[in-house]
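Lettered A, B and C in written order, each chain numbered from 1.
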Amino acid sequence: MLEVRIKSALPGFTLDVAFSVNQEILAILGPSGSGKTMTLRCIAGLTRPDEGYVKLNDKILLDTATGVNLPANKRKVGFVFQNYSLFPHLTVNQNIGYGIRHLPAKQMEDRVAELLDKMHIKQLGDRLPRQLSAGQQQRVAVARALAPEPEVLLLDEPFSALDSMVKERLYLVLQAVQYFYKGNMLFVTHDLTEGYKLSSRIAVFESGRIVQHDQKEKVIFSPSNHTVARLVGFKNLMEGFVIETKESTALIKVPELGGSVRAIMQNNTNLAVNQRVTIGIRPEYIQLRNQPSSENTFLCTVDRVVEGVTATDYYFRVNTVGTTQHYITAIFPKPASSSIREGQLCHLYLPPEHVVVITD
Amino acid sequence: MMELSRRLSIRTESVYTIKTGCGWSLEKRIQRIKYRLLIPALLTSALSVIPLGGCSRNSIQTQASPITINVAAAASLTDVLKEINNLYTQGKPNISITPNFASSGTLQVQIENGAPVDVFISAAAAQMDNLQKKDMLLNDTRQNLLNNKLVLVVPIDSTLGITSFNDLISAKVERVAVGDPKSVPAGTYARQAFDQLGITAQIQPKEVLGSDVRQILTYVGTGNVDAGIVFSTDVLTSNKVKVVASAPAEINARIVYPAAVIKASKIPDAAKDYLDFLFSAQAKTVFEKYGFTVISK
Amino acid sequence: MAESYLSPLLISLKTVVVATIITFILGIAAARWMAHYSGKFKNLIDGLFISPLVLPPTVVGLGLLLIFGKDGPIGEFLSLFNTTIVFSWPATVISAVVMSFPLMYMTSLGAFEQVDSHLEDAARTLGASEWRVFWSVTLPLAWSGVAAATVLSLARSLGEFGATLMLAGNIPGKTTTIPVAIYFSIQAGDMNQALVLVGVVLVIAFGALAAVAYWKGKTYKARTTIMNRERVE
């Protein structure tokens, strides 16, 4: 179990976070410059925060209140750096063995061999880092961090420098790591998909603060506020106010759409009539209808079309009265949508079960 | 030819001042310099810019143009010559003296390599002989000017009880400062003194070689050596050393300071005049004040 | 006659070897310290370390004389043991060390600062003490800079004159290094001796530069050949 409380003044903002990680993989998600790397460094002991408390499995690593500050080399924290930071003058074997040099030779060799095997890089032992591809280097970096059996493994944007094919393979590697590494894992990413795929819980960072820390499903599908919603990919965020609530649904008037939207509440929040809320829906969940149905359907004109590989982005202009234009973004998989052209009129349906209500 | 010179003609309106080594300024306004005049013009201005030792071909009778006499003299003459130079230039507003004090050997080498010296005063005959052999002295101007005495000095607070040259072989004496015999006359004489006393072999391991007598004096004065060999006239300039012995009389008799005008001097008349002054009664008074013995002409 | 050539050569070699070893150790230690030091006096200390480089050698020599001389703090202390530094062979070493130290320090510091700090961080997270981080990561990666620094200080020690003359003086057979011998030869008008000694210095200096160039070329070549080898996916 890892307990972390950090407060530190940084250029531009104050880092003020508190969280714990317990036998799980926590993804720290957030835009660049939100304090994610700084947090990891404080946990590892590479940087000292103004105020902080870090406890790892009953051992206090840092407590600025009482003056405890264990140096990095005594914390048993494994760290995988963004650019791998493999020692360029040492071979793969020597890199992985760096943290376990104190073991008897045979034991050390065995452990190195074991990790090479687990990371599927058995034949690379005598190579130097510059002779490896990025994906291989990453595996060596993970193996190196795991060799001394650390109590927590920290990964700082471990996949950001890799192309998508290599990334996919490494996701599998990291998932496999869980089978033989029983400690806590904390990894930092700005990629939502990555965070979702590899973690069980997500903590969303923004300007030095945690804006949501939850099961990953909750974060993705029930973002607690605007910021998180934007970060997790909700493109269609619109303001409105509650007209009525009934059991687990709510009817919200949305001026932008020129109508009302019904939403099914996922987490039983109590809404009051006339309360100001924000609704949102993921672009992938919007549906096309041939004719206007009773509710949650809006007439729109296709404004722009951007074709992707497996799906196409559609930007619709909502047909409302008024001078300002409002837009909805939808993503429809190909080839079902191939007949839609710019300028075409469409009826867009927002399924109530996918409409998210954000109160903040 | 006319075409060529026309092409090469320079049209400038610049006004520039050329300062020569003698200090006289030449102002020219150049408007159009034709090719035929260009080279000679450049040559003359180039030559005028190179600082020369004296003024070009000017006798001292021309009161209008200032003259500088370059005097190279042995280090032991530093203080006495400064006073004598002041005396000489009194009442002669257009004459100034630039002295250069160093060991005679250094000065000899500098002169051999073309240093612009008008008058050379050496602390030993050897250096003057070397120049004479190379025909660098102006005929008939070489004369012996001064005598001096070689003495053994110790730091003023020395407790080693050194009272003679022979005492230097004692184990109490660890370091003795002498001039480099190859270039410093005081050093050459010191070696001769050691040879005469038969103690050269014992002294040599203790020798700290200095580049001129003033440096030897400093070494002894700061107490970083136990004793040093300098001229008696040097001692008068320092209150940190005391004389404990004189060199053997035969050595002292050899010490002679010749003076001469250098052949390459551009102002031989002025130089000769200065040299004559060194032998004057006025100069003699000053020399003796500083402890030198003047050799009568 | 050969004595007058051999003696300065031997003395210079002895001095340069001992001085370079001392400067090497002191320079690296100082650079290591300053690389991680962020206290108030950082600029002051840095300036102090570099000062012999910017001051005229005679000024440094004078300073050394004031410290090690009869009336100086260290000189007085040493006289209790009947030792004097002034006009002794150790003085040549001290002058050479003081004058070459700034080069070793500055160049090594630059080399250490160029080492990627993430590599040092990685070593720390893997359990390495600061000492081990320095020896196994920083120093090996800064090696070419440190080697260049060493060669520079070696050359500086070899040519050191001003401070040496002031502190060690000209004592043939004991403290007369090659530069001092050259100076006095010229003063005495002995151009032959001077030129021979100059030749010796040039041979040593160019020999050192050639060795460094050869060594550097080797590592560069080694680097590029490995890069050109095929990378296996």
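Operating definition for what follows: contacts are C-beta pairs under 8 Å (C-beta built on N, C-alpha and C of every residue); 3 or more make two chains touch, one makes a residue touch a chain.
Predicted model, so just to flag it, every value in this text is computed and none were measured.
Chemist: Determine the shape of the graph in which chains are vertices and touching pairs are edges (line, ring, star, complete, other).
Modeler: line
Chemist: What chain lies farthest away from chain A once each centre is taken as the mean of the Cα atoms?
Modeler: With centres defined by C-alpha atoms, farthest from chain A sits B.
Chemist: Which one of the chains is closest to the middle, using the mean of its C-alpha atoms?
Modeler: The most central chain here turns out to be C.
Chemist: Indicate the whole-number Å distance between the mean C-alpha point of chain A and the mean C-alpha point of chain B.
Modeler: Inter-chain centre distance comes to 86 Å.
Chemist: Find the geometric centre of each of chain A and chain C from their Cα atoms only, then give the gap between the two centres in Å, rounded to an integer.
Modeler: About 54 Å, centre to centre.
Chemist: As a quick test, compute the distance in whole Å between the mean CA positions of chain B and chain C.
Modeler: Comparing mean C-alpha positions, chain C is 38 Å from chain B.
Chemist: What residues in chain C touch two or more of the other chains?
Modeler: none
Chemist: In their shared complex, at which residues does chain C touch chain A?
Modeler: Contact set of chain C toward chain A: 116, 118-119, 121-130, 136-137, 140-141, 226-227, 229, 231-233.
Chemist: Show me the residue ranges of chain A that touch chain C in the complex, using the header's touch definition.
Modeler: Residues 41, 44-46, 71-79, 81, 83, 85, 87-89, 98-99, 102, 128, 130-133, 136, 144-145, 147-148 of chain A touch chain C in their complex.
Chemist: Which positions of chain C touch chain B when the two form their complex?
Modeler: These residues of chain C touch chain B: 65, 69-71, 84, 86-87, 169-174, 176, 183-190.
Chemist: Over in the complex, which chain B residues touch chain C? Could you list them?
Modeler: 103, 105-106, 108-109, 112, 130, 174-175, 180, 182-183, 205, 207-211, 219, 222-225
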